[in-house]
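Report on one structure; see the data block that follows.
The first chain written gets the first letter, and so on, giving A, B, C, D and E; residue counts start at 1 in each chain.
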């Protein structure tokens, strides 16, 4: 349960993402306080905690949307603290934000093609959408010409994940992918994510509140008041931790 | 606690009174210098220049009031400037002519148009100098603010209004002599020819107290609760609204006041330059007014005055010596003020002072924060690094 | 016949307005930048056309003149796009999110451009080239050599002053030589003459009326520009990027879209369209340093009335404003109303406004009235973004 | 049955096809301190927007002390007695703390009394008292931009109170605050609840526990459930929304809490 | 003085000294006016003159050509020994196309630089703006551009055409040769308005007819409504009388041609289009249309050839000359002759009196005489634009036409005249017998 011990252990293994001593302010409010976190290669790490404890802020700092006052972020061994979000995306960080952030007045197909921006080098030539995407999310195939903003929440979520996959990321950052979505689709999304991990070996950093999804992860970090307060393997995730950091 | 605060209040009041007194003394000294020393030191030509620039400084105060304090960038103050100038010039025209002013006969107008009639009266003309621009500004402001048109939309609309007034005045030869405008120099008023050196001295001397009066008015408007509300409107209009104030009324009033001030400046400028014409409503002139304030420093009042004087003297000097360079210089001034010196000279000096005292720079944002999307801003900052 | 003529004239007036406003609509609508230098970009396009024409005259003689306009269009586009790009990179990019500051900065730039075309000669050109070489070269070297914000900022300032100083000295020294080739202004303050190619002079006679080729050409050009812009934004890869960035900047960045490049490109595109507009208006009038000023307010009105960031709105607004101005200004309204006895007072009213100046007054009043009930234009931006 | 201070009937707000509020029925008694919680996107902020006139409801209506709020302007509603605190503190950065309070405190908010009127002694007393309440006496003459985040939050609450509204709407008052700051805000709100009706939107559960008496849970633009903290915590629907698990699989949960 | 002009011949030197001496005596005897002016420039070995035109802004396009012409004249005079043996030192000020700036710079030239006279202005508005300055300081302005008349200031010499030297002959000629129906168009300012007032009265008196009158804003290029109106109102063979100025002209002619209305249908008589403007608009648009001036570049006499060559040598082969430039050139010589006749350049009263009757026998346009009404007698010519952009002179008066500043066709000024050589007459007096 000693989270710093876990962190140091993680650092010693081959980590895809290594966050150390991160401090982030939003205006003057101190949102993240000395956050250490590590995502080992090929593993799925889940960040838990109630609304407003700074999980989303942490993810935004990781993808580069928020600047950090101090601390470092390393991706695949390379420091990325000072580079712009688009450069981080091209390095291989795929981001599925909270609220999906589908570009609304752009078609589904175009939204998917935008995902290709992150995969460098594939600039020229006819852009096409690989068939795997439709195997994962069959619903998208029939929607290609619809406007992104017209999809339902669940469809948007699937689109957002598919879009992130288009860039063939090494790290997938998912912010509450099941939030506000019908239970049946939640299952589909979870299954898809599991399959993605199995087939591509991508590392995942996930913010989630649905418990049984949390349990699918390899490791968890619990946040409260902008800091990591507990971490460990999800197999050891106790009711006490859940009650303290998640329940109402 | 009550004892403590009341002592605090008294101390604060005393301090405030003291600074106010110091300021008053400084202003009087400067005024006396301007009125008595300058005419002795400067040639008539230079004095006339100074007088006109002081008149422009009055306009700058009006701009500072709405832009620096209230956050409304008007690109149409030439309208109010010109209206003030026309009001006075119309009176002076009627003073010379036995019957009709000369130009009317040129266009075959035989009867004085109705709106000229009241300008026979001097008191009416003086009141009109302030009131006509105020009313026009107030009406325009009301129509625009009522719809919550602000920021750049407001600026664009004021510019369009300027163009319309320019066209109107330019086009109505029979009514106000079109492009030629109205001359004032040869008129006699109270036994003095306006254009004579004696007359010019009188107007110069008149400009100084009026500038000070305007300054005092602006100080009064911007210092009390009203002034704080203007700043609040600038910083966060929506918060003001949720506090129960109606922003439209306040903005309309302050725009009208600013228009009236521009009118006074316009009238004083007119008698000292001898002519008012639609050229005063050219787009470039109104934008130049803004740069005076920006150079001096927004929301400082004094900055506006200094800016008007400095920029205009620079203009006179540069366009004398290197006419080609002037536009380059002015253009560069705009770029410089916006990118490197956004707080103007005075604001820069102040922030440097504060920096030394507190060890960190004080950022004065004179724009409504609502115009910016904070997230976008942050992302920009981030990507620029 | 009268109706056909009115419609044609209304459309042709509108098309000039639209082609001039198109670039502005893109820059303002997609980037939130108030580009008061837009008129000067139009002017640059016109001067580029003049330069191309002179080049053709010099190389091919008079016979080459018939085709110059075909070449002038891309040249005008590229020249103004490059100038726009330079402006965006050097100034505008620091001012995003501060629309009023962009307004002042672009006005400053427009003053410089206006004086530039008046006084540009080889010595000035060389001076500017020297400055660019020193400053940007130095910047590139510094970026590699120096670390640390503080030292870099200081070094930048010194570099700026140094290169500026050297450039000015160069210019002054060159200016004092007797070589007139160096000091002869390229354009001077005078208007320059751009003559339409033969095939654009004259027109198609229909009845007693003649549709001028130049007008038809501009209408066609406007349609081509609108369609091309639409195609570029809707179908091309960069267009997709631009749309994505304007709709959701931060998410676009997270997808790997280089937002800074997209900004620069959008600005360059808008400026380039102004260049094409400049090329077009050489067919209608003379070319001088101040022509841009004729368009700036009208085009802004088009954008404001059309609603920000909306191509269709811009088109409708240009049509409405252009046609109205024409109908009122030409006295057509008055003419149409006169036969009806009851409407005579109204006809008198419109007759009063039946000059170009007064038509502007009237149209502006209508715009203010219009904004009373549609404050965000014909097609307001939808949803939450509309609020503050 | 006590008098209702706020009531909404079938309140619906439609953004571009997206129903931010969906047939929301809500009511609150005079003198109540109500906490509204809900997951992100549950429509909490839109709810406040609809009450304060920032957005107009597509359907339904909001009643304040029995009066329909439809069609009233924001400042009209504010004058009518509803004060609102925003999520991120919105105070006037270029004014001092005292000036901030003084502006809000002004009883006569038309142009001319603002221009010519001076703060009355009762207003000055109110300001002094409020400075005490929000614990900013020492910083009264500092410009608000020099305050810390927590101080700004307190100042904004103070400004709200200075308006002397009947109803205070407080949006996420402790976001980004330290524990001590959170505690002081909680104290402040509890003190204010003595004399005001307050609706707080928050998702810091520690904080909610500290202040909550009656809790409303919003979900997808409608009320999911309402009750005491205890009741809400144990409501299976709430657990599902918050934990994403059918309650039967976590039957043991409540016993641990 | 002696050291300054070492290169000049002895005779010149002597003459110069004599001139200087006489200036000194004049100064000692002179009235206050003289002292004021003389104290300034009398001491040096140069005579300062002001040149006041727009070097920047809208009007720079036209006005810089006048500066060129005036500087050329000054240079030639200086090379020939100067005025009264003194070199002329021009001080150029920029009016920046802004009327108050003109007034400001005029004061500056008079008060700061103590110039002996000022050459300047183009637009009537700028002249009206500086007029009070010159009147209140009793100074002297030379104004080179044709204008609307209805003015006769003691402090201004007008060397451009008065309406009866340009507009009236133009209307007469069109009436006799092209058509009876006139459509009047102009930029919206004082010159076109006044000119058209005169034209209307004139046509009424001579059996012509005005079928329409229209104005567009100065500098506007949207002329479609104008062309629509002309087409609607003007029958074939009608005449367009054009007083448009500046950028509008280019737009007007380009679009007129585009609308299929060539000179065969509606010939246009323009009052503000000279060689320079034709070049800027493009000769193909203007070919066959008319203009009326006192001078055209194509005037065939040796003096003109000499001048054009000198001008091209100074400023470049591609440069053109035109009427306002010629007037500007002439007025410098007229001033020089006046000053020499007065014997002192600084005594403005004397120079003014000396100016009456001064004649340039060999001005580029022919003979030019300054009248006591401060306007110049000049020849009047009608030109038609040729393919090369110059004018074919289709009509010219045999002898100079006397200027009438107060127009006989405007009721308010009918029968009035101006004579500054007679203290009883002055600015405006009723001519007996009318």
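Basically, a residue touches a chain if its C-beta (ideal position, glycine included) is under 8 Å from a C-beta of that chain, and two chains touch if they have at least 3 such contacts.
Quick caveat, the model's predicted, so the values are computed rather than measured.
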Point to revise | Neighbouring chains common to chain C and chain D, by label | key: A, B
Check your understanding: For chain B and chain C, what is the smallest step count along a path of chains that touch one another?
Key -> 1
**Study point:** Middle chain, criterion being Cα centroid separation
**Key:** C
Exercise for review: Provide the C-alpha centroid distance between chain A and chain C, rounded to the nearest whole angstrom.
Suggested key: 43
Check your understanding: Hey, how far is the Cα centre of chain B from the one of chain D, in Å?
Key -> 42
Point to revise | Separation of chain A from chain D, taking each centre as the mean of its C-alpha atoms, in whole Å | key: 32
Revision key, fill the gap. Expressed in whole Å, how far the mean CA point of chain A lies from that of chain E is 79
Review point. Mind pulling the chain C residues that touch 2 or more other chains?
Key: 115, 118, 250, 253, 259-260, 293, 355, 357, 360
Review point. Which parts of chain E, given as residue numbers and ranges, touch two or more other chains?
Key: 55-56, 188, 215, 217
Practice item. Quick one: which residues in chain A touch 2 or more of the other chains? Key: 27, 64-65, 84-86
Point to revise | Residues on chain B engaged by chain E in the complex (per definition of touch) | key: 43-45, 48-49, 52, 103, 105-108, 167, 170-171, 173, 177-181, 183-186, 193, 195-196, 269, 273-275, 277, 279-280, 282, 316, 319-320, 323-324, 326-327
Practice item. Could you please specify the touching residues of chain A with respect to chain C in the complex? Key: 63-65, 84-86, 89-90, 95, 97, 101, 103-106, 110, 113-115, 117-119, 127, 163, 167
Point to revise | Of all residues in chain E, those that touch chain C in their complex | key: 55-58, 60-61, 64-65, 188, 214-217, 219-222, 224-226, 228-229, 231, 247-251, 254-255, 257-261, 276, 279-282, 284-285, 316
Exercise for review: Within their complex, state which residues of chain C touch chain E.
Suggested key: 5, 9, 12-13, 16, 115, 118, 184, 188-196, 201-203, 205, 208-210, 212-215, 281, 283-286, 288, 290-291, 293-294, 325-326, 329-332, 355-357, 359-360
Point to revise | chain B partner contacts - residues on chain D that touch it in the complex | key: 52, 54, 73-75, 78-79, 83-84, 86, 90-95, 99, 102-104, 106, 109-111, 114-115, 117-119, 124, 128, 131-132, 137, 140-141, 145, 159, 163
